[in-house]
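Across the two complexes that follow, chain A remains constant while its partner is chain B and subsequently chain C.
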Partner chain A sequence: MNRPLDRRLGWTWWTRNGSYFRIFLREATSAFILAEVVLFMLLLHKAGQDAETYLAYRDFLWHPLMVVFHLVALAFALWHTISFFLIAPNALPGQVAGRRIPAAFIIGQQFAGLAAVTLLLFLWVAWVGAT
Partner chain B sequence: MSDTTIQLEVFRYRPDNGGPTFQSYEVPYHDDWVVLDALNYVKNYIDGSLSFRWSCRMGVCGSCGMQVNGEPALTCAAFVRDHMPGPIRVEPLVNFPVERDLVVDINGFMEKLDHVKPYLVRDDEADDLSAEYLQTPTQLDRYKQFSMCINCMLCYAACPVIGRVDEFIGPAALALAQRYNLDSRDQGKNMRQDVIFQNEGIWECTFVGECSEVCPKHVDPAGAIQQAKLEGAVDYYKRLLTPWARRS
Partner chain C sequence: MSGRSHEPLFWSLFVVGSVLAAVIVPALILVTSVFGPFGWRWFADAFTHDGIRDLLQHSIVRLAIGAVIALIAVHACHRLRHLAIDLHAPLPAGLIGVLAYGSAAAVAVLTAIFLALV
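Showing the complex of A and B:
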């Protein structure tokens, strides 16, 4: 009797090798980003309440354990961003108007854009703080 | 004859003879041997019951794909010297049902391949079978990388999505669909859309990227799928924003 053997990777695929594990972690970064968004939304909500509630929540965000969490979330967010930038050339069409676009150009444009937006945000925050 | 030997740990499965096991064979070491040579040595001189597929022995036919020390590889291109001092564990490609020993059932893959119509489709095919369709080097360059696929199925063994979702069309078939969609001579794009853009088509891919890593022909199926996603999204918004525009 012919009984083909099932050898699919299954749900533990991400433990199979280092490469899979890194991909799994990259996807898991979204959980940290979601958590930071929720914390930020709560901050906005508290800001609309009385000063005591807002300051208590702000102190909670500055608790040493929360600071560690923010730093871990930042590290994951940067990792996700950089890995996304590096694979972007693969996801774009090889040619634009009949000419090949070098991968380094696509990657460089993204980092330049990130740097420009970050700089603008810092300048805006500094300007708001000064006025 | 070489004095040095290397140990092969070969996956054995005989459907009528219990579950899978690993069997060890001591084979001579030669600097220029590939894993396929070692398997053929076992078959010819040690154990004739060992079953595996191979044909061209030069990385063209795509028949001899197996897991070599856990990684999908063409055994005709995997040098034994790169795995010294051994042992070398040889298994059938994962994510495929195993028929016997190192032979996997490729029917599912062949059906998926067939679904994407991996050939030139012409509206005027019946009119003139001898017609020539000229192409510029720039037009060729758009799809040439994706046309190098030899259907070796290493990308299916490397893809964790295939291991979880049976219906996923998979890297090689989707890359070939993109290859023909990008071909200036082809007119079958609309006929492939239903398969490519279904849930089990490009959108099932999570861009793990291992398919491109293991591809022996550097086809970059992951890239082809992401490009198809981008084109699909752009096309969707074009249709949404300009419903009056006529499209082929």
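Showing the complex of A and C:
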């Protein structure tokens, strides 16, 4: 069961201090992630329709104001990624065969995974676009 | 409240969704919505009407996209649910849960339908 925060804190707890605010922003990143997922879902929807309808939606998605939104969403998404990677050493058991795994190793591995997945996705889409 | 809760089920989906959101969402935003409008020709060409149909041509790709989108949606809605409760949204906790997981389910089902129709 979810444990609500102490009611005495009120709903403005996230304005109290910097670390509360960072937690609030970190949680708020999920709103941007959901928004981008829904926009992508609609792109898939339009892909199943005729070219004109699809391009009208794509041009909306690529409108300069929407690109500004995408860049803001990207910043929030990256914040989610980075903060998620940085807390992983605290969440994992941290020991293999009685030895401590260095936190830097765990964090480094995750960024390597991120780079690999991102690169593969870029190469795949660029290859389809170029051929 | 009864002793049983659906929380563990949603939580395990949430963990997988967290990893996918962390690893895939930045690249997804860049590829679908940033590189094209910035005039990178390969990426612009990948999102013409024929281009996106080529991207989605294989059923393995559509299955993967459907699963990834569903899990990321569950992840985001789970967190928004907790955020809404922590912000003392003036709604019953049960209703917030139904809204949150209902939205996630709607995104998952609609994505599957749209992918099947491409």
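Just so we're on the same page, the second predicted complex is superposed on the first by the 123 of 131 C-alpha atoms of A that agree within 3 Å, B and C clash if a C-alpha of one lies under 4 Å from a C-alpha of the other, contacts with A are read in each partner's own complex, and residues count from 1 in each chain.
By our rule, a residue touches a chain if its C-beta (ideal position, glycine included) is under 8 Å from a C-beta of that chain, and two chains touch if they have at least 3 such contacts.
A quick note: this is a predicted structure, and the numbers were derived from the prediction, not measured.
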Answer with first, second, both or neither: which of chain B and chain C does A:81 touch in the superposed model?
second
Once chain A of both complexes is superposed, is A:61 in touch with chain B (first), chain C (second), both, or neither?
second
After superposition on the shared chain, which partner residues are touched by A:112: those of chain B (first), chain C (second), both, or neither?
neither
Check whether chain B or chain C contacts more residues of chain A in the superposed model.
C
Is A:123 touching anything from chain B or chain C once the two structures are fitted on A? First, second, both or neither.
neither
Which partner does A:72 reach: the first (chain B), the second (chain C), both, or neither?
neither
Examine A:20 and indicate which partner it touches, taking first as chain B and second as chain C; both and neither are also allowed.
first
Which superposed partner A:47 touches (first chain B, second chain C, both, neither):
second
Determine, under the contact definition given at the top, whether A:11 touches first (chain B), second (chain C), both, or neither.
both
Touching A:39, do we find chain B (first), chain C (second), both, or neither?
second
Residues on chain A lying within both footprints (that of chain B and that of chain C):
1-2, 4-5, 7, 10-11, 13-14, 27
The chain A residues in contact with chain B across the complex are 1-11, 13-14, 16-17, 19-20, 23, 27, 87, 90-95, 98, 100
Residues of chain C defined as touching chain A within the complex
1, 5, 7, 18-19, 21-34, 36-38, 41-49, 51-56, 65, 69, 72-73, 75-77, 79-83, 85-88, 93, 103, 107, 110-111, 114-115, 117-118
Interface residues, chain B side, partner chain A - complex
13, 15-16, 20, 70, 91-92, 94-99, 105, 138, 141-142, 145, 160, 162-164, 206-210, 212-213, 220, 222-223, 226-227, 229-231
Along chain A, where are the residues that touch chain C in the complex?
1-2, 4-5, 7, 10-11, 13-14, 24, 27-28, 30-31, 33-34, 36-41, 43-45, 47-48, 50-51, 54-55, 58, 61-64, 66-67, 70-71, 73-74, 77-78, 80-81, 84-85, 110, 113-114, 117-118, 121-122, 125-130
